[in-house]
Amino acid sequence: MLDLIPLQWAWGIVLYWLLLAGASLLAQRNAALITAIVFPLGALGALAIAGVGALGLAGPSAHFILPIGLPDLPFHLRLDALSGFFLVLLGGAAFGVTVYAMGYFKSMAAEQLSLLALWYHLFLAGMAMVLLADDAYAFMVAWEVMALSSYFLVTTDHKIPEIRRAGFLYLLIAHVGAVSLLLCFGVLQGGHGAYTFDYMRSAELTPFWASAAYLLALFGFGAKAGLVPMHVWLPEAHPAAPSPVSALMSGVMLKTAIYGLLRVTFDLLNVQLAWWGTLALTLGLLTALYGVIFAAVQSDMKRLLAWSSIENIGIVLAGFGLSLIFYADGKGALAALTMTALLYHAINHAFFKGLLFIGTGSVLHSTGVRHMGALGGLIRYMPWTAWLTLVGALAIAGLPPLNGFVSEWLLLQAFLLSPGLSHHYLNMVIPVAAAAIALASALAAYVMVKFFGVVFLGQPRAANLEHAHEAGWPERLGMIWMALACVLLGLFPVQVIVWLEPVVRLLTSQTMTNAGNWLMLAPISAERASYAPLIFFAVIAAITLLVFFGVKRVYHGRVRRADPWDCGFPEQDARMQDSAEGFGQPIRQIFESFMRVEREMPDPFDRAPQYRGDSRDKIWLLIYQPIADLTAWLSAQAGRLQHGRIHWYLIYSFATLIFLLVFTR
Amino acid sequence: MTTGILLQILQTLLAILLAPLLMGWVNQCRAWLQGRSAPPIGQPYRTIKKLFHKDAVLAHDASQLFRFAPYLIFACMVLAAGIVPTIANDLPFSPAADVIALVGIFALARVFQALAAMDIGTSFGTLGARREMLVSFLAEPALLMVFFTASLISHSTELPVIVQTLAHKQFVIYPSLAFAAVAFWMVSTAENARIPIDNPTTHLELTMIHEAMILEYSARHLALIEWAVALKLFTYSALGIALFVPWGIAPAGDLSALPLAVLALLVKMMLGGAGLSLLEAISAKLRLFRAPEFLGTAFLLAVLGMLTHFLLEI
Amino acid sequence: MEIYWVLGIPLFGGLFLALSGNRSNAPEINALFSFLTLVAAAVLTVRIVAEGPMMAGDSWFFIDSFNVFLVALTAFVAFTTSLFSRPYMRIEKEHGRLNDKRLRLYHSSYQIFIGAMLLALTTNNMGILWVSMEAATLATVLLVSLYRTPASLEAAWKYFILCGVGIAQALFGTILLYFAAEKVLGAGGNALLWTHLNAVKDQLEPTVLQLAFVFLLVGYGTKVGLAPLHNWLPDAHAEGPTPVSAVLSGLLLNVALYAVMRSKVLVDGALGNNMAGGLMMGFGLLSVVVAAFLIKRQTDVKRMFAYSSIEHMGLVTFAFGMGGPVASFAGLLHMTMHSLTKSAIFFAVGHATQSAGTQLMDGIRGLIRTNPTIGWGLMLGTLAILGMPPFGVFASEFLIITTAMHEHPWATPFLLTALGVAFASIFGKVQPMVFGETELPRLPHQPALTPVFMHLGLVLMLGLFIPPYLADWYRQAAALLGG
Amino acid sequence: MTLSYHLQVVNLLAALLLLISFAMLSQRRIVGLITLFAWQGAALATSTAIVAWSTGQHHLYWSAALTLALKVIAMPWFFFRLVRKLDVEREVETMINIPTTMLIGIALVIFSFNLALPISQMSGTVTRSTLGIAMACVLLAFLMMITRRKAITQVLGFLSMENGLFFAATSASYGMPLVVEMGVALDVLVGVFVLGIFFFQIRETFDSLDLKHMEKLKER
């Protein structure tokens, strides 16, 4: 009975969020009530669910059946290590974002805000339910509630046609993905309504049907996660949403897809085949590279971050594929290592991407500009935001000693340890895959330098930026929370890994052994590889301080201020800095064949010419446009059936009759 | 353990102190090869010293980041130098960071360098930052691949273990390392802002990469950066030595081999520096957009090295 | 006893409204009669739930769990539609599209139509079933052409002819059924009683029943709107007054499908194979696919939702065709959900078109700004009909699709494609209607939105929680359908 | 086996029915069509009455009387009036030319005979062999509806189909139960009434009863 308590709490928090959602609808007249009470209460719920998740992670798995749902299929809930871990991820990131939202939404009109708060809490509740669901129906309901509420959040600003379009595309792809998941559960179910996950675990599938289920799951969850080529919605929808929502969508919602994929592949299916892993690995790497290349050429800061999310999801999926390869090959320890890496990266991404999105939110809030070409120099006007965002940017660029580095390090270790697989071709492919990961993470650094440098550094590119104001305290607190998480996850990997152990054991029935001590991370043995971020950090900090005070002491700290060096051309102004397009230009030049660049050329007589270049991916043209054309063609053909002449309608009827009479003879 | 720590500190200090010397030596060799009269070999020390004495001139808009970056960059390079075995293989600090972390350190320094360059908001600063990041996005994975080749051979990403395997175990010829060595040379020219990617002595802003980034720096900040550059070159040379010609580095706990190791280091550094300047003298700087091709080649060579390892050495 | 009230009230109401002259309070009387019908139906339902299936009127009527739920649904939707039609018709009158005389025709036909459907549902006689189906058609023909516009006349004509011809085939099927039954049960009235037929279904001559089923399927299938017999449906839905579209879509299609299902049970028993199920699956799938692609090219909002009805009836037919307890259960559930949701959508659409003054979707914009409740009603209704949880349509689609994947995987690519296309088309068109900027005026009268939200609330509740007695009832009905 | 005299008459009437169906298919004039329809009703009523007399199924008399009243007297009269009142053009245009229609018709007859053969063999009624003819009549009426362009002719086809159905009911199983037949007849009556209203509305709106005006509702 005691085991049930965390699960009941988790369900209680879901209800509590639903209640808050309802309450915010009632507070339609009073905006202050929502920002001052509903959001803080929601944030507390997030913190609580993170706690519950941590308990669930440590404790045994618990089941619980709710009296709602379909008649023969009430909602089954379950809290085990896997869902516990993702609950921690959800709660941790959502707490920071919701605290941030308290301040961010202050200036919104009451009516709109109450709807937003409604969908926001519904969204949180939906995500939590996805993680708790233990039968196909509850899972799908929660899954779609999550999609639907986030759709309404994305279209908060529905007066803008692009945002409506983005929302539509998002919901459409989410829905197609969901139908694919339905089919996947259709394969997994045992017939006659055996839809509980427990039943699916015990079912025996032939390799053919297991593969079908896996592919359907990969498609369905991939559509949600933004796997190339199902990613097209992501760079549209994430920028369209209000920033805290983008943070949640990117940081947490994409992870629910990873959760689902792990759940289905490692938990529900009882056969795993190596080629599944190869497929996921390939797609993941493709996604990572594709995402990061496009991130490098974006000029809208939120779109840039959205593409970067695609990259990170690609990395996580590559890890997933590798883990699957190892697991199917019977290399449990390596599978455990890779699993650890991918879970680690998932939680890292939740925090740093959340942080970056809310950072851009503050920028957007105080400048009203999303286009990076009209930003710059904000570190002077909003230092808190700038420095906190810098933490996120460094973390996502995979720089030590922050958290992004740890997970990438673990993943690269896994790649390096791969030799000895029973498939020889895999032995050859995997190093190349490692190279791709390395390439992606190096490009991520490029992207982040561009992002941070163009937005926060340099001279303001537009005049009104000088009035940019710093974010308020709730916003700052939210960002501090996220940044702190990035730092702590970076500095204490050993503790995090210990804490991840139950999840890894659940999925791969092994754990990653840490041969190091509490300071040092050593996945297999200290001889093979090790990393001690705390020492690393201490040494860097010590040397920096030592040098700083040493230099000051031995020499002096005198400073003179002057104009910057103008190379003999005194008319330097802010417009001569690289614009976002300019910074991305080398990457665009190299990879232009993948892109469709929409240029806006300035007039030759323009005194202050502005060049705009929007790089869109060609996948839309290559895959989606033909599908749309085919649909239109088929629909035109179907339209010819309905041509208005009653004689023909009678002929259809007649022909059907004759056909059936002949057919049934 | 204590000797280990002492040796660690000794090695790191040695690197810090010797780094400008290597720089001076390379400059001298290059001057000889170009038929010029060379500056004295100690010139880098003098420059650094002079710079420390000056008053720093900062642009009006320089933010804290701009002032903080040189210290951090310098610290990163010191840390990197501390990880690479130069004279002895006995490094108690090295488990804190393996080769992947080493790449991370370089990346950290570079990112800060680029950000600092963008901070003032001059056109050349951002230009330099952009070019630097362009060069690095190919150089960094290539470097990682070189390391991977070595660590696949030695089953470890720890530099001491790699050195141990390559230098102190039974001698084996590794064809993969040949590929890796070429790739490594190509990467290190790029990473150290040398010809054919960049020209450290250029005065033409339009062709600059690294120099464009530090145009705004002066006095102690510049001194730290120059020193860090020298340290980087030194660390790369030490890395090259550790990976490809590790013989002579004293095995862990063997103090008696130390003097020989110092000697070996000096000789290898001298030869390496001379070789570098020779290669610089006979090649021309590439157009910027040739750089990705050059580095792409390096990357592919490194990957090829890894594949060779799988084909021939398992 | 209740059964007579259920049938008598609407028929009396129809006569009363027809004969009592042009009354200004006719809408209220209409709603009152509908309400009384609902009460009677509720009493009947309670009795059936308590006592199980029953015969009434010397075996002329037979109520079991299958039809009683349709009776309750029909009475309920008829009542809410009458509530909706009150302000709707008032606004139409104000706009000058209708006059008192036509409203009189409308109200009396409405009641007769409801009565005919209830008779079709409750009768035990396959012949009377046919007669009342035909009566229901006749009652609505004049409703479809109520506006007397060229388009509405054309629609009504097509409706009349196509359904008339279709239902004539059903009569031939009924004759063949009688022909087969007569040999077992002897001539006379009993030979067409479904209960009697059901008792001896395994003795009926298979070849005759096979032939009969073809005729019955084509006949009643025309009324269900199965492709390629569906051509009357979009015209009739689009051109008639919206309350009529709501009941046509929400109720008449169900009743027609009910007739098909009653026949299928007999045929299955006689044939002992799944011929009927196979045909229904084929028709269902074809309808789903054809409708989905046709939805894509619609510009008229009511027409679009009419095609969506074809799609959903196709889905239900497919589910019933699959058979088995889960699929039949899902089919019944989907029928209910579709009725409630689609009628709610038509209510919202009705007001939306009134406010915009056009049925063309390009002319309807930004409802959420001018009429937020209509806008949200339309948005939520659309999401519900598209199978978004937690609305109940999802529950049934969940069961149908997962079962299809398990039992007939070959069909799922078609389903997947069709659902995707339908989703893209409908949602892509509804979204700009609801969202965005607009200059549309507000409505002159307070719109009737209680029915919309009542229906959506029910659909939402049934998606998350189906009361146990309702579930039992569905299960029994599913078992009856050969589960 | 030789058939009794009255059954031979019934078979003769069945053949007549089929013949009239064909005649309707080939008839170009509306008035002629109405006359033929009346004759078809008469043949149907006669055959029903004969079956009733020979088998002792007394409810079939009712059926025969209904047919006589509705289909031989009321409806033709109504249609004649309508044609006069609406001043419909006499010539009927067809979709496909008459010979082709006839050919299709013959194929349909063969098809329905073929279809009805196994069924009529197990029929217990004396009139079983006429089931094929009934089915053929239904399908021929269907064909007529398809090929005619005027609203009135379409309705005539529809009613002729109803005749076929009644004949099927009589021949296959001595008619349906009385309640059902009454119901069907009522429906037909109401249907014709509704149609009458309709014709006037259509005429009022389109100035013609030609169906080509009613092809506006379609997918564009």
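Order of writing sets the chain letters: A, B, C and D. Residues in each chain are counted from 1.
We take it that contacts are C-beta pairs under 8 Å (C-beta built on N, C-alpha and C of every residue); 3 or more make two chains touch, one makes a residue touch a chain.
Note that the coordinates shown come from a computational prediction; the quantities given were computed from them, not determined experimentally.
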| remark: Chain centres computed over CA atoms; the one at greatest distance from subunit D is chain B
| request: Indicate, using Cα centroids, the chain positioned nearest the centre of all protein chains shown. | output: A
| request: Express in whole angstrom the distance between the two chain centres, defined as the mean CA positions of subunit B and subunit D. | output: 100
| query | Quick one: subunit B and subunit C, Cα centre-to-centre, how many Å? | reply | 78
| query | Using CA atom averages as chain centres, what separation in Å is found between subunit C and subunit D? | reply | 31
| task | Averaging only over C-alpha atoms, locate the centres of subunit A and subunit C and give their separation in whole Å. | result | 43
| request: Could you list the positions in subunit C whose residues touch two or more of the other chains? | output: 157-158, 161, 165, 211, 234, 294, 297
| remark: Shared-interface residues of subunit D (touching two or more other chains) are 115, 142, 145, 154, 214-217, 219-220
| At which residue positions does subunit B touch at least two other chains? | none
| query | Where do chains touch, given as pairs? | reply | A-B, A-C, A-D, C-D
| Where on subunit D is subunit A touching in the complex? | 95, 111, 115, 139, 142-143, 145-147, 149, 154, 211, 214-220
| query | For subunit A, which residues count as touching subunit B in their complex? | reply | 376-377, 379-380, 383, 390, 394, 397-400, 405, 409, 412-413, 416, 419, 427-428, 431-432, 434-435, 438-439, 441-443, 445-446, 448-450, 452-454, 457-459, 516, 520, 522, 526-532, 535-536, 539-541, 543-544, 547-548, 551, 554-556, 558-567, 572, 574, 576-578, 582-583, 585-587, 589-590
| said: For the complex, give me every residue of subunit B touching subunit A. | reply: 52-53, 55-61, 63-65, 71-72, 74-76, 78-79, 82, 93, 95-98, 100-101, 104-105, 107-108, 110-111, 114-115, 118-127, 129-131, 133-134, 136-138, 140-141, 144-145, 148, 151-152, 155-158, 161, 205, 215-216, 220, 224, 288-289, 292, 299, 302-303, 306-307, 310, 314
| request: Provide the residue numbers of subunit D that touch subunit C in the complex, in ascending order. | output: 57, 115, 118-119, 122-124, 131, 135, 138, 142, 145, 151, 154-155, 158, 161-162, 165, 168-169, 172-174, 176-180, 183-184, 186-187, 190-191, 194-195, 197-198, 201-202, 205-206, 213-217, 219-220
| Complex contacts: residues of subunit C adjacent to subunit A | 157-158, 161-162, 165-166, 169, 210-211, 214-215, 217-218, 222, 227-229, 231-232, 234, 275, 279, 290, 293-294, 296-297, 324-326, 368, 383, 386-390, 394-395, 397-399, 401-407, 409, 412, 415-416, 419-421, 423-424, 427-428, 431-432, 435-437, 463-466, 468, 471, 474-475
